[in-house]
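Which chain is which? They are A, B and C, in the order written, and residues in each are numbered from 1.
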């Protein structure tokens, strides 16, 4: 104990530096966490959060009442997580490396500016653009290829994982690459010079210098994303698909189900229970993944 | 060293004290008037101007302070975020008098009662000006479990639907709209419309219409399209599984047939049509909610349209609550009484009603030569239907001067449903109910909008039923039946 | 400490414009065009006649042009200007504040030998996973802290995020050599000097990246404003636009709204083109401001070198 206090005193400057963020997190994030109790309560407006009675695990039944729906939305959530994470990471890193390697700096600068614009376009607008492409009658895809696919009905169900992935890539890749570009910008150029002298070609330089520099950041981003494995972007899954029931087979995820149910059912306990479920699963998986990383490469672990 | 520690501690203490100071600051009591917070939604403007709202609030307070012992704080929220904002404010105990409706989500009339968010007015309202301003029937229809929680806004409080035809086509083909008695009668006209090359001969406006076209046969007391799988069969006065009725199959088959014939466009199934579509000349026949002055449709759609009744008019549990007010549970008895007094004055005093609805005379609106209202404000702009009774608010220019009488006749000519007044308490089966609503989105919507081929109808309905059962439908149905039977006695 | 490198291209990249380089550039160009097509569509749609869209769908070559969509947004001209001001203010202040606070925290938890670092890391991670929900947040912020209608509620909640702190910490641990900090200590620099004079300058690329991401989240945020801001003058840009969009959609799609209301709107309400117009209003300033961030993390555009 004494040892600990002495250590803290020795690092008092660090304590002071950490203090502002600590306080902000405390007041803005931790204090409202009392709301998690709503997952186990039967909320009544007149009683408020603290006065409402406990009702055990009743609220969780909302998720599992229809096993069919639960299994489907959970498997969809996991499937999309897998696809988006793998494809997203590969493309983000690939784009960052490509931009880093390209000598036409001025052109690259302009192109990259264009690439980040999609992230600012809200899904409310995106859904119309998607419709413009996918419309069965005068949509751009059907017109270009002369086909007649009705994407928004059962006939189009199997296309949607691909469609949603493409939309996600379009929206986020330019933006996601920025982080990795910043890492590459911090790589000492003398390393590349030395490799050049040793006779390494471009690909070897990337493999031996650029990629290793990126690994810590990639690992950390992956670990962080595991925590949100059960969460999805309602803009993408609810608004872009217009919540067309026929497509639920491949597009219904936990968040879109809850989002829609809350509109018609308005039970706060349901939302809180779902949120807790997502958090706990995320936490467990993150602990597991972090443990794995710690064994392989302790420096890159989150904690 | 010691100094830094001291500084740190001092900072933390000051911080803690500041926070403690802030919690628990209240409002100073005023000059003997009871203050109530009135929260309402603004549908006519994207964002009401709060300076103007403040002016209106001051004017109203000035006007009422001698008449009733009340001061109001007027909270005018834009409709785009009304549900979220009002819900939060409600839960933070900020509101006393709240405007809502049966069709609102999250804070709708069906949502507030189980959450015990509304004040029981049954005793307080007896004998007041407010109670006497509307006839008993209206109050009866608004009751929940025999108690009065909601103050209805008197307007078209009954539900009926019409077939709507574009006049241009009626004239061109000489359609005899008065001979149309049922959906099937529309077919020859739809064929004409198709021959004309129209994109939407029959426009469902992306609504699953079974729970509207068939209200002569059933009372869909939940008035919620996603729960139309259960209803009261008027013939037998008992709760039935709507999906299994012959009418449902007949309807779904008809929609499927029309879709295959090209009368119903896929845009309705994929929810691509909107009111912009109805303003174009691309459609032939659609539907319209019957109101006292159907001619308003011409203005709405920018073209002349003709109506033919599709159903009778019915008064049932939710029709009276298309627009209503409630007092929140966190209000004191004094505040509840104040709300009732305010509403009573609002429903009987024409000047107050106009001020509350249209704003400041001279700035937001004026009276024309006939004494009717001309609105032109971009700062404070409301309509009768979400403000006060049709019997007290001055008609807007262009509306018939005898609007109040028209409404009375309209409401008077309705049938009262056998299930009027029944409220379903979904607490025992809440999770299953929610799951079944999700199943509707998957199957019901497509079935009722022509999204399924004729040959597949039987199979699809069976699949729909199976999915419902898996979600716990039978339990919900049994609960409905037992509650309804108990209520019937 | 930091020498300015003169060459516009990093010396390791010789000026060789090899065939491979051209291919690479072409690939990037194709991807850029694929990104740009939908944006172009948005642009065209903002100026297309709405009825034409209802009948024919979106197209790059519409039959009828119209300013109606744009005008329905520009009607709110004054509010737009104020909203821009608010959004810019919140974004700039929030980003700078957040970067300072987060980098200090990241630095302190990156110090080996600091026992509390482990605790602080976990303290940091929990809010990312567990959330109290919108309702309790509302009650706490408005009833307990009395911060309703305060710009603080637009700035503070987004200023510290787990992901950004971890990114900064990772960068400090992996890209800033410990020897530099040791050397500074030996020279007699205190902890604060070490941080502000040595670490921060080296942190620039990461600060630029995190700063950009932070600025983006501020720029796009409207949920906080919708719940907590009541004074119209304090509405940020996105909220104003969402309100405009929602009210238009509500008017068009809700059958309970009486006909007289729609008639009062004077003619048709352009749904699609107005939404596209709002998108343009949002991304306009981005295209102007972004190059400022960009130069910090595209190698070869770096102003001042990163390594001495």
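By definition in this document, a contact is a pair of C-beta atoms (placed from the backbone, for glycine too) under 8 Å apart; a residue touches a chain by one contact, two chains touch by 3 or more.
These numbers were taken from a predicted model, which means no experiment stands behind them.
Visitor: Linking chains that touch, what shape results: line, ring, star, complete or other?
Guide: Topology of the interface graph: complete, with all chain pairs in contact.
Visitor: Please give the pair of chains with the highest number of C-beta contact pairs.
Guide: That would be the chain pair A-C.
Visitor: Provide the C-alpha centroid distance between chain A and chain C, rounded to the nearest whole angstrom.
Guide: That gives a centre separation of 16 Å.
Visitor: When the centre of a chain is set as the mean of its C-alpha atoms, what distance in Å lies between chain B and chain C?
Guide: Between these chains, centre-to-centre, one finds 38 Å.
Visitor: Among all residues of chain A, which ones touch two or more of the remaining chains?
Guide: Within chain A, residues 48, 131, 135, 137 contact more than one other chain.
Visitor: So which stretches of chain C touch two or more other chains?
Guide: Residues 135, 139, 144-145, 242, 245, 272.
Visitor: For chain B, what residues touch not just one other chain but two or more?
Guide: Only 91, 93 qualify.
Visitor: Of all residues in chain A, which touch chain B in the complex?
Guide: Listed in rising order, the residues are 9, 12, 16, 23, 43-48, 61-62, 65-69, 131, 135-137, 150, 152-153, 242-246, 248, 257, 260-267, 270.
Visitor: Within their complex, state which residues of chain C touch chain A.
Guide: 8-17, 20-21, 24-25, 27-29, 31-32, 34-36, 38-39, 41-42, 45, 56-59, 101-102, 104-105, 107-109, 111, 113-116, 118, 120-133, 135-137, 139-141, 144-145, 156-157, 159-160, 162-163, 165-167, 170-171, 173-175, 190-192, 195, 202, 205-206, 208-209, 212-213, 216, 219-220, 238, 242, 245, 272, 275-276, 278-279, 282-283, 286-287, 290-291, 294, 296-302, 306-307
Visitor: Would you mind writing out the residues of chain C in touch with chain B in their complex?
Guide: 50-51, 54-55, 76, 79, 134-135, 138-139, 142-146, 226-227, 230-232, 235, 240, 242-253, 255-264, 267-272
Visitor: Quick one: in the complex, what on chain A touches chain C?
Guide: On the chain A side, the touching residues are 4, 7-8, 11, 13-15, 17-18, 20-22, 24-25, 27-36, 38, 48-49, 95, 98-105, 107-109, 111-122, 124-126, 128-129, 131-132, 135, 137-139, 170, 174-175, 178-179, 181-190, 192-193, 196, 202, 213, 216-217, 220-221, 224, 227-228, 268, 271-272, 275-276, 279, 282-283, 286, 299, 302-303.
Visitor: Sort out for me which residues of chain B touch chain A in the complex.
Guide: Listed in rising order, the residues are 1, 4, 8, 15, 87, 90-91, 93, 105-108, 111-112, 115-117, 224, 226, 266, 269-272, 328-330, 430-435, 437-446, 451, 467, 470-472.
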